[in-house]
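First chain written, first letter: the chains are A, B, C and D, and each begins at residue 1.
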Amino acid sequence: MTFPYLLTLIVFSPLLGILVLAFTPKTKESAIKLIGVLATIPALILTLYLYIAFQLGAKLSDFAEKVSWMQFANPEVFNSVYSVNYELRADGFSILMLVLTALLSTLAAIASIHIKKEWKGYFILFLLLQIGMFGVFAAGNLILFFIFFEITLIPTFFLIGKWGYAEKEKAALSFLIYNGIGSAILLIVIMFLFAKIGTTNIEALMSILSNKAILSESTKMTLLIALIIAFGVKLPIFPLHSWMVRVHVEAPPSIVMLHAGILLKIGAYGLIKFGIGFFPEQFQSLATWIAILGVINLLYGAFLALIQTDFKKVLAYSSISHMGIVLIGLGAINSAGVQGAIFQVVSHGLLAALLFWLVSIFYQRYETTKLAELGGMARAMPVTAGFLLVGALGSLGLPGMSGFIAEFMSFLGLFKSMPILAAVGCLGIILTAVYLLRAVLSITFGEGKTTNKVKDMETIEKIPAVILVCLIVAIGVYPDLIASGLTNTIETIVIGLGG
Amino acid sequence: MMEFAWIIPLFPLLSFLLLIVYGKKWGSAAPYIGMLLTFASFIVSLLVLVARFENPTYKAEATWLTIGDATLTAGFEVNQLNALMLVIVSLVSFLVHMYSKGYMQGDERISVFYSYLGLFTFAMLGLVLSPNLLQTYIFWELVGVGSFLLIGFYFYKEEAKAAAKKAFIMTRIGDVALFIGMILLFWQVGSFEYDEIFASVSAGTISSEMITLTAILIFIGAVGKSGQFPLHSWLPDAMEGPTPVSALIHAATMVAAGVYLVATMFPVFAASEAALMTVAIVGAFTAIFAASIGLVQKDIKRVLAYSTVSQLGFMMLALGSAGYVAGVFHLTTHAFFKALLFLAAGSVIHAVHTQDIEKMGGLWKKLRLTGPLFLIGTLAISGVPLLSGFFSKDEILVATWVHGHTILFLLAIIAAFMTAFYMFRLFFLVFGGEARGDTNHVKESPNVMTVPMWVLAFLAIFAGYINTPWFGSFLGDWLTDGNAALGHGHIEGPIWIMGLATAVSLLGIALAWLIYSRKSLSRDWLSSRAPYAYQLVNKKYYIDEFYHFTVVKAASILSRVARLFEVIIVEGLIKLITAFITGLSKLGSRMQDGQVQTYGTVAFLGLAVLVIVLALTGGYL
Amino acid sequence: MDLETLLSYRWSAMTPEFIILGVVAVLSLLDLFLPRSFNRKLLGWLSFASIIAALITVFTLIGDTPVSILYDTFRLDSFAIAFKILLLIGAALAMLLAISYEPEEKLEEYRGEFYYLFLTALLGVMVMSSSGDLITLFVGLELLSISSYILVGMRKNYLPSNESAMKYVINGAIATAITLFGMSYVYGISGTTNIKEMAAALGAIDQQQHLFLLALAFLMIVVGLAFKISAVPFHMWAPDVYEGAPLPVTAFLSVVSKTAGFIIIIRIFIGVFFQVPDLSGNNSLILSLQNYLAVIAGATMLIGNIVALRQSNIKRMLAYSSIAHAGYLLVAVTAFSPFMIETLWFYLGAYLFMTLGVFAIIQVAAWKAKKVQINEFAGLYRSSPFLAVSLAILFLSLAGIPGTSGFIGKLNIFMGALSTEPTHYILASLLIATTVISYIYYFRVLAAVFFRQPQQETKISFSPPAVIVISLCVAVTVILGVFPNIAFDFLHGNFLSFNDFIQ
Amino acid sequence: MSTVPISAYLTLALVLFCIGLYGALTKRNTVIVLISIELMLNAGNINLVAFSKFGMMPSIDGQVFALFAIAVAAAEVAVGLAILIAIYRNRKTVNVDEFDALKH
């Protein structure tokens, strides 16, 4: 059976919500919020359908779509080399990411109840952002990928700049510039491949580039490094991370849920699909450096997180540190490592979303995220404190939760290829525990510092937290849940890496 | 029966889930749920143990995670060792559940307490059942969380917070070592399964260096959990948790997990003399080191804590001296009498609301039940003949001697002497003499607390008889049955060792009696002799201070360096670039001076430059 | 020549020009004889109608090309038609702006001139776009220039207007002189002014110093025309003139006049210099002189984008951004890819809509404000979401964000720069880099518009023509961004990649 | 009749052009600037005419072109002067370097 336009439907399903919102008057707040949340549901259902269909063994080719989009040059005079198609496709990894995106979008939409003003504009931009994210993971050729990649930037810019905290404009601009540079480099690479090879179709490029004759060794290496920089900004790889800290601190939590949950992961996605996918040999020769970068990320982020006084900053640096695990996994260049990296992508997505949702909840009540001003939350809001603890334990890699699986596999991989480095990296595991406990305990434990009378989580607030925790634990307890879908993706990658 | 062993951990897990969700609603009903479910798992584990007597080892597993071509499995296994452990754990856990009903009476978060207990018990039982290293590691960590949560149960106390954090992080250090060792083994063996590991070890496919390395790494993990030197200092602080917790986690079960791990991995250790030696030395040193600190502690629970550390040292020593049986045997007996001691101490604290032994005294008359129970425990741990501790400790000494560690043997003897001394010091200070604090409102604990103690007391006395020089070493034979790598069920040692052991323990008791009960020797008789030594011991050899000034400081310095780097290099670079661009644009807009002739000039100059270049290069550029 | 030959020409090819010309004549007379009281705006509508009519006729002319009359001084090839379409659309929209333009001092008495000078300028460009002879090219160019000098100075009593006109005249005249000088050399070597014959003559020459002289002439013409497209080194007039000129005129300059510049550049480059062998004799002159163009293009992009960062007046900022866009377009010219004309056409079209849209918004938003400072746009989103969102979309397009026509255009140029041999890596990278820089100033405006609070609540009064322009521009920008093939298919379907350029 | 080589005319034109350019870029008085521009344009015309007579392939086109150029130049300067008058009304000066209200 085939699925005509399923991917297109998924990608553009938020448009429906946008249209409805466009015609709802500003003043109907509750209605707007409701629509905003509901608008994310169709995509969720469709992606789940896609996932199930895929798990039931539907062929990936059944999902692919292709429509001619534009020709730069006249196809009658020149051959159709200079033509770009609108083509969508999906593989195990991207399906996984699509599901994750849909899920987190819905949760973030629910989490948006804490947004204070102008819900209409907020939700319209929110849904636009969602389209962009879907598109990135469903894109079948690089130009489409790039287009959606850029489309994510704009709504995010406005969402940060309008609904963020004190320093929001600065954060928004630096977000834009950094990612602009990243995408600029990406565009150069893409157009170079397009101009020199004549296609940007991802599968086609994979097969063509595997041919040694195409492009010289050094060119490939340059392209790969360019790609690593381009996606390194997104991931972010040290030292390209300072924008990301600002965004994490200034952006509204519901957006950070998506940002940390999905947008950062686009970097990893691109690195895996294009970095390794297109230039496996070159990637192998860089593997050591990637792994070293990973360890640096891991430790650097951890050490900085250790002395932050603002919980949001702690989480921001912990994100940097956790992205180090992804690099470590990729640097291992074996199936365990790559799988670990992918798991980390998913798991950190969920954990970051959870933690920032909790931040949003207690910021709502305490109007601060400074560690010094918080404390003893376990008495005032035991449930929130409990979830916070769960989140912290999850992201410090407690077995039984998704974080551990990712960490375990990444290190398993790295220990095979470069044990010494891996051993150094293991320091990071300890540090992670140290800084997370330091931060979380000083918020939840100890004598209560703040005097405001606060209520614990509302039921509506519990929904996202519970769902996220369930997923985190589910993956942690039975990782094959998602590992099974990834096997062929990883096989192709590892085969590309030559065993 | 054994194929249902997997159900054992599920009872406590169920209790955890139920109580965490509905605990608030059910309130006072929570303890009964906890007790019921743990009792159920105790019964099942008992049945499993019985079943294990006639049936061979049972193992079941299913695919858990596929990595490339390797598939990791999860499952459970029932062999002699963990069948035994199952019973110990579930029993002690059940008793503690019961005891806590009385001890935690009136605490509004009692349901949370029970749910945590459930979580811990689940993890501990899971750990015991694990058939492979990875699964062990997983539960190993979960056990740590359980302990972390329970230590931090009184979250509003800064000490509790600190202790919980310390416990988690220090054990984590060990865990990472275990993590590394485990992964290294995996790449050597290609599997986490115990039996496959042992197989390839005995097959000699692994280089001896690798064996030693991994064994030691795994041992470091054990060191962390079992509070061996140098990772011991979290255990005494862990006494911030409620006393029943100390009894369950920090005496009977979790801290023993380290020993259990070494015991399970014994074939690997046995394959490397160096590894065994390390274990033995660390064990012996810890034994005497902790005992010496125990001599001067003023907090009833801390004395017990240090004695725990020291006893665990004994077990490690045993394992390190190839005394597999001795180790496990002491593990068993220790579980009972130490749990007993803690519960008794708990009931004392419950009665007098202080932990400072200086403020106690003369409680023998007040606490008619607790006193004798405590005495039993004390006798047992001091190795007084005919009680359980006597037999197991004797086994250890024999093993050490036979294995030829003369020095370690001496250390062990001294440690044993100290044990006897400080335990009775404790006993006399708490129960003997006259009351130093006000004791008029002191009353005996309710039955729900005393009954478990009676059970434990019974076991503390008679558990030793399952493995004695006289009535046959039933336990040993059973444990080592069909597994040559574990050594003999019973090691014949010279008879004088038993005499010596008895002598030193009696000597210790006598000394304690002289100083603290009969007061014929002044209390600072010894400390005044060597004030510095006393100071040193009293300050626990400044271990914590040492860590604070090395590890912690180093970390914070590194963090500061990182921050400097962040501010100066990372941010600075960006500032530089932006400054450059803005400077350029400033220059550009200044050139735009509004003079039309300037514009014309610029255009002309542009043309001129182009033409000149053309002229010079002759058209080629 | 006798009457037969005259009548034998297919004058129908010139219908659009005739329409414009006729209306110009009529308008000037009407303006002369109509009473003061008569509302001159009707003249505006009349001229608008004439532009539309011309546009329609141009569409009818598609197909039977190339037509060449008057000894090839006027040729109607697909190139001419394609660009006339752009020009007429641009002029029509600019005219709408002009109709709704209301400076604080009324320009009633010379409103009429305002309109027919618009038309004469337009006429000049149209002549250029379809002229096969240096003379007509030159005359058309001057017709455009002289009309626009007056248009810039239209607000007689407004000092900035006078001053900008003055600067425009002086610079423009110098540029003209340089161009003319260059052209004279070309004529001297080829001995003819007819482009086709020129191509033949120049293709034959072999003398080194003649070629050298040609290269010299080439540079002079390039610099001279750099004035029209406001490219380095002749770019500095642009900010001042844009700021001083009446807003519709600014719009006209930045769109129509820039297009005109590129039209003449293409005419001369492809018609003349592409045919000339270079000094080594084995390569086309224009290809061997690519690097000069590359330098100019790079410098234009850099200066335009970097200096724009510091502008506080939005008209000046747009002036610099239009300089930058000239740079982007020059990249396409430099690369000289097989589909250069398509690329330029598409980009100029996209640029036309986004720029005119932006100017329309400014005209509406800054209705009362004498100067248009960027911070005066703060909180525009509050006072008029429609304007704010439209501005956002158009700016995104100018910044080349996907989903808008600007992105497709840039992609096109980029493709050209990378697909040719030699590949222009540096130029392409520079294009992207400067684009990223341009984000800063575009988004700074948007940040002011959306994130800040308005200083004082200003009541915005919409005038229908301006609103039409805005909505149309936004619509086209988005549509071309999402379905670019609408434009490309039109090109490929009707003009078959302009291979009738020289026949 | 005497034959002056074409190079002479070309040199003259070049010199004239440079003089004009110099004047246009340096003189303060706008009128003179405009006149200098006239010089530049006429330099072009000289070229054209010279080429059309003594060029390697003489043709009438050059002179036609020159005529157009002259007309254009006249118009240009006329407009220039008109604008100068307008600005003089508001500014009371003809010095080109004082017209710098618009800058940066």
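Worth a mention:
Note that a residue touches a chain if its C-beta (ideal position, glycine included) is under 8 Å from a C-beta of that chain, and two chains touch if they have at least 3 such contacts.
Predicted model only: the values in this text are computed from it and were never measured.
Graph distance from subunit A to subunit B, where chains that touch are one step apart, equals 1. With chains reduced to the mean position of their C-alpha atoms, the one farthest from subunit D is B. Looking at B-D alongside B-C, one finds more C-beta pairs in contact between the chains of B-C. For this pair, subunit B with subunit D, the centres built from the Cα atoms lie 97 Å apart.
Separation between the centroids of subunit B and subunit C, computed from CA atoms only, is 79 Å. One inter-chain figure worth recording: subunit A and subunit C are separated by 43 Å, centre to centre, where each centre is the mean of the chain's CA atoms.
Separation between the centroids of subunit A and subunit D, computed from CA atoms only, is 65 Å. Each of residues 589, 592, 594, 596-597, 600 in subunit B touches at least two other chains. Contact with two or more other chains is made by residues 166-167, 170, 174, 178, 239-240, 310 of subunit C. Residues of subunit D in contact with two or more other chains: 21, 24, 33, 96, 99-104.
Chain pairs that touch one another, listed by label: A-B, A-C, B-C, B-D, C-D. Within the complex formed with subunit D, the subunit B residues making contact are 589-590, 592-597, 600-601, 604. Those residues of subunit B lying in contact with subunit C across their complex are 581-582, 584-586, 588-589, 591-592, 594, 596-600, 602-603, 605-607, 610-611, 613-614, 618-621.
Across the complex, subunit B is touched by residues 21, 24-26, 33, 96-97, 99-104 of subunit D. Residues 166-167, 170-171, 174-175, 178, 211-212, 215-216, 219-220, 222-223, 226-227, 232-234, 236-237, 239-240, 278-280, 288-289, 291-292, 295, 303, 306-311, 437 of subunit C are the ones touching subunit B in the complex.
Taken together, the subunit D residues at the contact with subunit C in this complex read 13, 17, 20-21, 24, 30, 33-34, 37, 40-41, 43-45, 47-48, 50-52, 55-59, 61-62, 64-65, 68-69, 72, 75-77, 79-80, 82-84, 86-87, 89-91, 96, 99-104.
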